[in-house]
Amino acid sequence: MQALIDANHGHMPSYGNDTLTKEADDLIKPALGRDCEIFYVYNGTAANTLACKSVLRSIDSIICPDSAHIFTHEVGAPANATGSKIITLPATDGKITPEQIRIAHQKETYWGVHATRPKLVSITQSTEWGTVYTLDELKGIKEVCTELDMLLHVDGCRIYNAVVSLKCSLAEMCQHIDILSLGGTKNGLMFGEAVVFFNSEASDGFLHLRKQGLQLHSKMRFISAQMKALFTDQLWYHNAKQANLMASQLAEGLILHPEIELYCPVQTNQVFVTMPDKLAKQSMDKVGFFPNGPECYRLVTSFDTTEAEVSQFLFLINK
Amino acid sequence: MQALIDANHGHMPSYGNDTLTKEADDLIKPALGRDCEIFYVYNGTAANTLACKSVLRSIDSIICPDSAHIFTHEVGAPANATGSKIITLPATDGKITPEQIRIAHQKETYWGVHATRPKLVSITQSTEWGTVYTLDELKGIKEVCTELDMLLHVDGCRIYNAVVSLKCSLAEMCQHIDILSLGGTKNGLMFGEAVVFFNSEASDGFLHLRKQGLQLHSKMRFISAQMKALFTDQLWYHNAKQANLMASQLAEGLILHPEIELYCPVQTNQVFVTMPDKLAKQSMDKVGFFPNGPECYRLVTSFDTTEAEVSQFLFLINK
Amino acid sequence: MQALIDANHGHMPSYGNDTLTKEADDLIKPALGRDCEIFYVYNGTAANTLACKSVLRSIDSIICPDSAHIFTHEVGAPANATGSKIITLPATDGKITPEQIRIAHQKETYWGVHATRPKLVSITQSTEWGTVYTLDELKGIKEVCTELDMLLHVDGCRIYNAVVSLKCSLAEMCQHIDILSLGGTKNGLMFGEAVVFFNSEASDGFLHLRKQGLQLHSKMRFISAQMKALFTDQLWYHNAKQANLMASQLAEGLILHPEIELYCPVQTNQVFVTMPDKLAKQSMDKVGFFPNGPECYRLVTSFDTTEAEVSQFLFLINK
Amino acid sequence: MQALIDANHGHMPSYGNDTLTKEADDLIKPALGRDCEIFYVYNGTAANTLACKSVLRSIDSIICPDSAHIFTHEVGAPANATGSKIITLPATDGKITPEQIRIAHQKETYWGVHATRPKLVSITQSTEWGTVYTLDELKGIKEVCTELDMLLHVDGCRIYNAVVSLKCSLAEMCQHIDILSLGGTKNGLMFGEAVVFFNSEASDGFLHLRKQGLQLHSKMRFISAQMKALFTDQLWYHNAKQANLMASQLAEGLILHPEIELYCPVQTNQVFVTMPDKLAKQSMDKVGFFPNGPECYRLVTSFDTTEAEVSQFLFLINK
């Protein structure tokens, strides 16, 4: 917020040719540890959609987990924008394996011109189920992509939580990625995400694509100012660390309840539990946690979740 | 072929305003037994794709079996043309149930504006695995569509074989269908299929859509002449009957071989068997049957398959 | 800005189900004077593109001036998103007439199924050349739309300046509009515009469309808070009035220079002049006004342009 | 027709892997005089649309005459399929100049990321007005394309008539072309056209694109058989020569009438004249010529137009 107030003074060139955007770039690139190009957009769906559109033709296809946000929660935006087919794989706790990718590739290309050309693997890190690919798992997926002449896109709207969870650096994570949707909103920004290309060919025409994709903010400095703030003094790290810690405390408290069970491992800031609806109702409405899905509940902690809030929630549940 | 030779004489109005097209319509409509509109196109992928495009917006979705030709074998054309999401259901022998459709609808709409609006169910009759929905099964699917405010599209590139198999009439089959891709090429035509709308709202703008969809044949009489021939003296029936009969004889012969097993029931003109590659090789190359898929073999009989050909094939297999 | 700071406190429901969004709606609707639905999006290109997409099929077309932003400056986004054809008419000072629309409609529909169905007229108010359609002119265009079964979309990113110029009310202006892109960014907002549907059928599915169109802001309150501020105490009016006044003073000063001529009438906050490049250079770089186009210069005043800035600019020009 | 009857015997591999398709290729390639790839499709709109789609992204644009069939008569199919913008230039007798292309390119690219990247010039030879680009004019257009990093597409549905008119060879014509829509239907085929790529990069993925574009004929031999016939003993040349000759005789006769004037030069098989509606009516209905457009009449001769038909037409006009 303070970053926005500062950005609000004086006149500046429009459409990203401003000092703040350059400063944000200069701060983020070293953190990612590799030569890359960064493009700011409004939200995560846009980052994912335009990342896909930048490298796919309508005859190509995307291989992703069946839990992928790009398939389940974006009203089909990525497929709609690219015209490409999405091939979903059954995910275990939100994750897929190199072997699954290889088989899916074989099955699709078996049909030659009657089927599509798989060109992009898209995974989410941390996943929609709050789990995390290890660095070795990421490397394995990247290797099968290279082998099959595919690119690897990572939906990183919660990548910071994965980095904290793995106790690695953002740079180590990015080693295995071709195109990254770099999160912002879910880490405290008012709005703003970024598409990062580590593969320079992939970004051809992206400036045009961003404008056509309804994502060119005339007052771009208001996005970059926030992203800059997020990367100043590793704010992203502290935000993610706090969120992960609170989720861990929350999970520890929840499993003590006899009627509550963890749905999948808690590795970041999302806790999935099964519990009776009645139990959920007496707590959800009163605290800043949200129900999710028809079968289980999803509790998301954020950078500003406090221990007191967690305690209050656990108190209400156990009442 | 004779129909084409006849159609080749004299000058006629272009783009479907000709006598032959009217005559074909007048012959086909009574056979389908309901008020409808018929539009001729070049091939089956086009019929399916434009049928979908005529009723879907990009925010809508299609529910279909995971074996559906529109999903697996058309390079994503229907999704590409409509911008709509395709929701696939695990099919049993190529078929899906009303209950599967209801659950898929619930799951998708649970997410509100983050997901799509399921608007079309698309099934294939006879299916990609040669099986057939009974009239009751069709009725059940149509009922769940009505309940959920969806339309029912049937990919009928092999609908004639299903009619023969069910010993019903085309009219009985069409009772439960909103939009039909009516086959031609797979029943002996040189080229040509039709999109049939039993729901008149669904066809709004289809003439424009056909032209934009690259399917307006300037010399339309060459398609309608063939469709007319197919419906003259129930030629389609005799063609389908012969194809089904030959498939049945083929299947009976094949199962006598100790190393061959039927993969799914033989109800129309497609026989799916598992057999050693070596066995397949000694017969396939020499006769007009085709291998299919990485795991099993698909043998398709047609209107001009003879008992002699079936016998020769069985002889080679058993050698 | 203050509105944003206020919106930044506490947790609120996401995706527009918040109090601020309701409050903004309650303030804007009376100002527009008609029953309507309002949807907030990030920017003007998005408002225009999704407005078009909400009512057009790929076989339809848009009629607009050849100077229209939707045609010239949005990398083809509206046509890309809709798949529809754009039919441009030669505009006089950015404006088109009912008669031009009628003729264009006739010419296109003459070709029947070989051409598109014109379904939407899109004009800009105030125009890209800073001029304004009178209320009578608007009414005339709306009448021809009704006659030809077309809808009227108005790109109103600068509609406030037109209202001030015409000395009418926003409500009077909206009487003749079916779908309005209601400006925000160009009137001082950090980001945010709205699509307003006066025709309720036109908005079917728009919530899905907004999400698919990459415009669903999870923290929607940050847009609505700004729009609410814009409509509190008629801030939009005061902003537009100041901008128009400064443009008028600027124009009066400029025409005194022997080498400068007005390119078109100055009716709002945009001044188009022809002048030698050399003259332009000695002033542009030093003050917050911008060159535009290869042949003429475009000077845009805004809500925070001061008399001192105008004087300084004129001083530099006349030096 | 005879070619089709011959093609109708025996079983053959589907989807273009047949002997006839290879034979057609072997006959056509030498005639075109350059290394190239040939893909058969159903009709001219498809050839044009897929030619564009093979080389354009949604952020690119096409520059073409405002009379281009791809803009006026294909329900926007090329723009719809590519998502690309079409920039039309005022054509003189259906033709545009290198200088017009250069200016249009400058104007569009002036706006940087707010506008599109012009990547393809598309012209028609012979044009929609029956006129012909000379070889020098073609060369000039190709040169400006090369200079501006654009490709040149030629809609050649009537290229044979242009070759006859210029008294050159097909090979000389093709020297200056990157992608050619090679006509069939308008030269006597029942159906079938071809897309020819002289630029091998441009054809990447075209086999998939053809299937997705609803143009993969399972019984491809029925198209290639006709194309082969067209190129056997230069049948195309004799067809086009006869058509051109008849048009020339027709034009000579028409201009003798005091109320008839040529609308543009007659260089191929299309004659455009202005004449009173009454005059038109007394002849059109009775002979195989067709009215066209709201302001003028278009008379098209074909390979099977006879001198007797021309005489009869002239007799009825002069009655």
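Labels for the chains are A, B, C and D, by order of writing; each one numbers its residues from 1.
The rule is short, and it goes like this: a residue touches a chain if its C-beta (ideal position, glycine included) is under 8 Å from a C-beta of that chain, and two chains touch if they have at least 3 such contacts.
Owing to the predicted nature of the structure, the values given are computational and were not obtained by experimental measurement.
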Fitted rotation between chain C and its twin chain D in degrees, CA, nearest 5: 180
Chain pair with more C-beta contacts, A-B versus A-C: A-C
Of all other chains, the one whose Cα centre sits farthest from chain B: C
Averaged-CA centre spacing for the pair chain B and chain A, given as whole angstrom: 41
Geometric centre distance via CA averages, chain C-chain A, whole Å: 34
Residue numbers of chain D (touch at least two other chains): 58-59, 74-76, 80, 113-114, 116, 208-209, 211-212, 216
Chain C to chain B touching residues, read off their complex: 15, 53, 57-59, 112-114, 116-117, 205, 207-212, 216
Complex interface listing, chain B residues touching chain D: 1, 4-5, 8, 11, 41-43, 45-46, 49-50, 74-77, 80, 185, 190-191, 208-209, 211-219, 222, 288
Of all residues in chain C, those that touch chain D in their complex: 58-59, 61, 72-76, 79-80, 83-85, 106-107, 110-111, 113-116, 293-294
